[in-house]
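By letter and in written order, the chains are A, B, C and D; residue numbering begins at 1 in each of them.
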Amino acid sequence: MSTASPVRLGLIGSGWIGAFHAESIARRIPDTELVAVADPVPGAADRVAAPLGVARVYLDAADLLADPAVEGVIISSPAFTHADLVVAAAEAGKAVFVEKPMALTLEDADRAIAAASSAGVPLQVGFNRRFSADFAAAHRLVRAGRVGTPQLLRSLTRDPGLANPGGVKPWTIFLETLIHDFDTLNWLNADARPVEVVALADALVAPEHKAGGLLDTAVVTIRYDNGALAIAEANFSASYGYDIRGEVFGADGMVTAGDIHSTSARYFGAEGATAETTRLNIDLFRQAYTEELEAFAAAVRTGEVTGASGEDARAALALALASRASIERGAIVRLDDDGRVTS
Amino acid sequence: MSTASPVRLGLIGSGWIGAFHAESIARRIPDTELVAVADPVPGAADRVAAPLGVARVYLDAADLLADPAVEGVIISSPAFTHADLVVAAAEAGKAVFVEKPMALTLEDADRAIAAASSAGVPLQVGFNRRFSADFAAAHRLVRAGRVGTPQLLRSLTRDPGLANPGGVKPWTIFLETLIHDFDTLNWLNADARPVEVVALADALVAPEHKAGGLLDTAVVTIRYDNGALAIAEANFSASYGYDIRGEVFGADGMVTAGDIHSTSARYFGAEGATAETTRLNIDLFRQAYTEELEAFAAAVRTGEVTGASGEDARAALALALASRASIERGAIVRLDDDGRVTS
Amino acid sequence: MSTASPVRLGLIGSGWIGAFHAESIARRIPDTELVAVADPVPGAADRVAAPLGVARVYLDAADLLADPAVEGVIISSPAFTHADLVVAAAEAGKAVFVEKPMALTLEDADRAIAAASSAGVPLQVGFNRRFSADFAAAHRLVRAGRVGTPQLLRSLTRDPGLANPGGVKPWTIFLETLIHDFDTLNWLNADARPVEVVALADALVAPEHKAGGLLDTAVVTIRYDNGALAIAEANFSASYGYDIRGEVFGADGMVTAGDIHSTSARYFGAEGATAETTRLNIDLFRQAYTEELEAFAAAVRTGEVTGASGEDARAALALALASRASIERGAIVRLDDDGRVTS
Amino acid sequence: MSTASPVRLGLIGSGWIGAFHAESIARRIPDTELVAVADPVPGAADRVAAPLGVARVYLDAADLLADPAVEGVIISSPAFTHADLVVAAAEAGKAVFVEKPMALTLEDADRAIAAASSAGVPLQVGFNRRFSADFAAAHRLVRAGRVGTPQLLRSLTRDPGLANPGGVKPWTIFLETLIHDFDTLNWLNADARPVEVVALADALVAPEHKAGGLLDTAVVTIRYDNGALAIAEANFSASYGYDIRGEVFGADGMVTAGDIHSTSARYFGAEGATAETTRLNIDLFRQAYTEELEAFAAAVRTGEVTGASGEDARAALALALASRASIERGAIVRLDDDGRVTS
């Protein structure tokens, strides 16, 4: 409850993260209102909307985009729909928050950026780690010059599980998982430009699905134009929880971020010392997922994007595509000034 | 926004914690509504109410208690007013959340408990540490039997500052600060009964105010009827932040809780390793302050108090009064079954 | 092997710590030689001496003290023999290292100090924590003024086991265990003078032996003449290892020391995060036990005691005796300038 | 001092690590004796030998190898001399401890292994991390199956300084620094066979020496035949100390090792939380450097090598050479069954 007129948001795509965002808007973020939900699966939007008292429910995202009650949209539909929806939303004059990846090709990324720019609407991409208190503190230290020019960086994602390995699309580990790490590395490295990429990957968790294109374990090394060498790692079988860490090293120091202990409570017993760990990304990033939408709500009104921009999303995508090219060629690949793999 | 009809709460006392609670209700807790604020200082209630769009503002708490729009009240006025306000609120049929200490004498505590009981209203006391994720995890481990019967316990409060040492009332360190630690110890020790108390205290931070009754450093040792020995420590000059820790030790293990590092980010540089610390109790306990009110909002509807009860508050008060008696007598004091110091 | 003529040491008392010290001298400390071992139990000295190639073995400590090959002695016989042996060793002109407690009465402590002083021999007492790298680092920070004048201190000893509770002498917890903590507190508090002591204790680990005088759990609170309040805690049932920690708090900061994790290795698995702990004091204090004897060997030659002196041992003993008096009287006791409990 | 006849060792090469090893043998390790030192620089051997009372001093290592008093040798001369000296020592019937790298080519490595094998002498290589308590604990957990089959590994070396960047030979970062990490990865990965290597490197600390062949920052990614992907990182400008860490991740868990905090002491003050770090490898690895020589002394008598063998050294060298080939070719390189880069 507040005196300010709330920012009216619409949700496109009501999967788990969409549902969480819906709840954040309706219940955790002041001065915002969830006014509409769209999902092409019959009944899906209702399941999110009804408990939150949201009346406007659509099967077709286009209808939501045409709804004048909606000031801004949160796009959390499947990745392959993102770019078109960003363009459509921008053309409808809506502020846009889109989950990562914003697009699956650089062309689509460029279209999305151009559409938002032409329409003059803010475009924010869901790189939530930028809003994590841990990573934000690390970033402040780096930006304050405490490590000097970065020389070595690391970002990793270890996900607890792979419920349905047969359903994972080829290149998901780069386009949907490591894309977070690529954005984190770019951001921590002061937006330096990647010039070389080499990736190694395998299906170690579910080798029976490798033939179908599954890669569940990957290491990507990146050389940036400021000299820094960066490593991104991902894997889908973290038995101990949701493990996200980062590290920036330079001649003046090192910053680390990330901790999967769920609380400060520690137990010491006959077996030694033990502590509980965080199992779900929703628990690890509750604060970050909430704050990124608070930032978006502010952007709807001010026009100022403080989270990851369309350009940031394109830069992360360029690394995902370069990783794929490196795997396909079995080689180190070089990137041109535009982020494209040189032939 | 939600479909459920929100729990309508009134705030009595608009100091810093009252203002924070008001904001929690208005902006951080779903399904609640702040409908009224009372403060006898002209303009004070307005300063909290206006930015949150709360229309009902009272100088006299009695008027707020008479307001039928109010289902439950949060009492965050000065400590000496608490017991009478609890009684009045209960008699007005309102659910009651009262900041610690609930009362300053055992008689007043008994009156408050009796009033709530007669009126059949829930009575919750603001021992927020019970809602801290860190302390709650420690408590779960203790209750699960992981340490065995507690043999040694520790709870400490180190507050960063004493803005106006001349304005601190005598015995504040026991009645308003260590009362948190007393509740924590009782709670972690499975509500065992204290049988002996000895306190040592001094004015070390601001010795010039000792003559006026200031005690800013204290150590209290408690013997419980389950044999456990417990230590409560407090001090008002923590230069490094807001330091709240607990420890429970038994023959089967030890549990510790509390950490003042503000994030997981760590910096390593020429000077060694460094980390930022948490400076404000509002930052350290943001989650706990919010969850205790969520629990209260639930209690307003269910009648079930899940936080600290009036009886818990009386038990903590008994330890504060025993500490005072120990200081006054310069002796170990014994408590009877009713928590009173034996003559 | 070295060019310097080694410091020739004799060992009196061949229990576990004596045997460890013998091995340190023979194998871990350069420029020292273990030349003689005495133990009144037939065969006991041999069991230590033979594997180390030590030829001189005595039943009577007096014979070892009369041996001109011995420059300095390590007294690790039972506590009740310490003071007389220190006096005899000093009178024989030997440098003296004596395990804690140096004496069991202040009179005996004074006799021991006087004997060493008259003979002009160095007298060092086995307060090994002063040589622990962890505690030494904490002490340096305190002495460098980083915490300001101490206001609150804590030192604790949690021992993993009580093999034979029926064999523990009354007051052992104060005279043999907490005496370490008393020395640590005095040392960390810049040798301020204790003025008040209150102790609570019980037999919680082995209550069936309480009637025989066993106290296995104790909390002692001390007020010093610089205002600081200090807590010493001990217990004999640490299931998780050998737990020794210290803490010094003042208006300018806090220093903590002590960690029972046995290495930096950490394991994260389905059960959460785990780490191994240190089980034996010989493992926790291997470095400290070795360095205290290196310091003693140096003192034999230089005459300069860098570890705990006879006066330090007397000051720690005064706190143990005051704790006993507090328990016996059920009261806070005061100490005069000489460390004696006032009547 | 001991009854056993000491193991008589000779030192070849009296630089800083040679001098430290000499002191370990003479002063820190029981049952060993340093009987001879050889160094071609006039006076160098004397500077190490004299203070330790070692009489036999040689300019020519051949003379030391011909000395019947010597049972085993420690070779800590420059890397390019290692292989020939191992061969000569083995042919002289001496047990051999050689610092890393044992050789600079696979042919030389094979010669060294064959010579020791023919002579029937133990050959141990100075991969000290295997003896670090931290890494050994991690290794035990991995070998006990606690992480499952490794999927991701990491080992890093960050050295505090580059006193003379102009004097660093090309490829030093692979052949002398990362060779430690390569051995650690092989060892933690249960001696799986590397099949692919890709390295990125640069001169970021001292770019002015890049033209001379300096590489001071490197990231190497390795694919093993058990599927695991491993990362080795090195850099020569760690402002905060000597940073050596390792990590092994598999579907059943993760183990980490390495910590540069120099003690458990922690300071909390107005600037936040701080801790001291370890600055020198001699401090970080004092225990490991000592234990690897204790193991060697045992091997001299038993013939059983418990540290890294010649084959282990060859396997680590193969990774260093593959890294160099990867840099030279700007490509991912493949290794054959024999550890050679395929053309």
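What we mean here is this: a residue touches a chain if its C-beta (ideal position, glycine included) is under 8 Å from a C-beta of that chain, and two chains touch if they have at least 3 such contacts.
Computed from a prediction, not measured in an experiment: that's the story for all the values here.
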| item | value |
| --- | --- |
| Any chain in contact with subunit A as well as subunit D | B, C |
| Pair joined by more contacting C-beta pairs (B-D or B-C) | B-C |
| Approximate Å spacing (C-alpha centroids) for the pair subunit B, subunit D | 57 |
| Interchain centroid distance [CA atoms averaged], subunit B/subunit C, Å | 41 |
| Overlap residues in subunit B, where contacts from two or more other chains coincide | 239-240, 243, 252-254, 268-270, 276 |
| Parts of subunit D lying in touch with subunit C, wherever the complex brings them together | 1-3, 26-28, 30-31, 33-34, 50-53, 133-138, 141, 146-147, 252-259, 262-270, 276 |
| Subunit A residues touching subunit D - in the complex, by the definition given at the top | 149, 151-152, 158, 196, 198, 200-202, 204-205, 207, 217-219, 221, 223, 227-229, 231, 233, 235, 237-240, 243, 249-254, 330-332 |
| Touching residues on subunit B, where the partner in the complex is subunit D | 239-241, 243, 260-261, 268-277 |
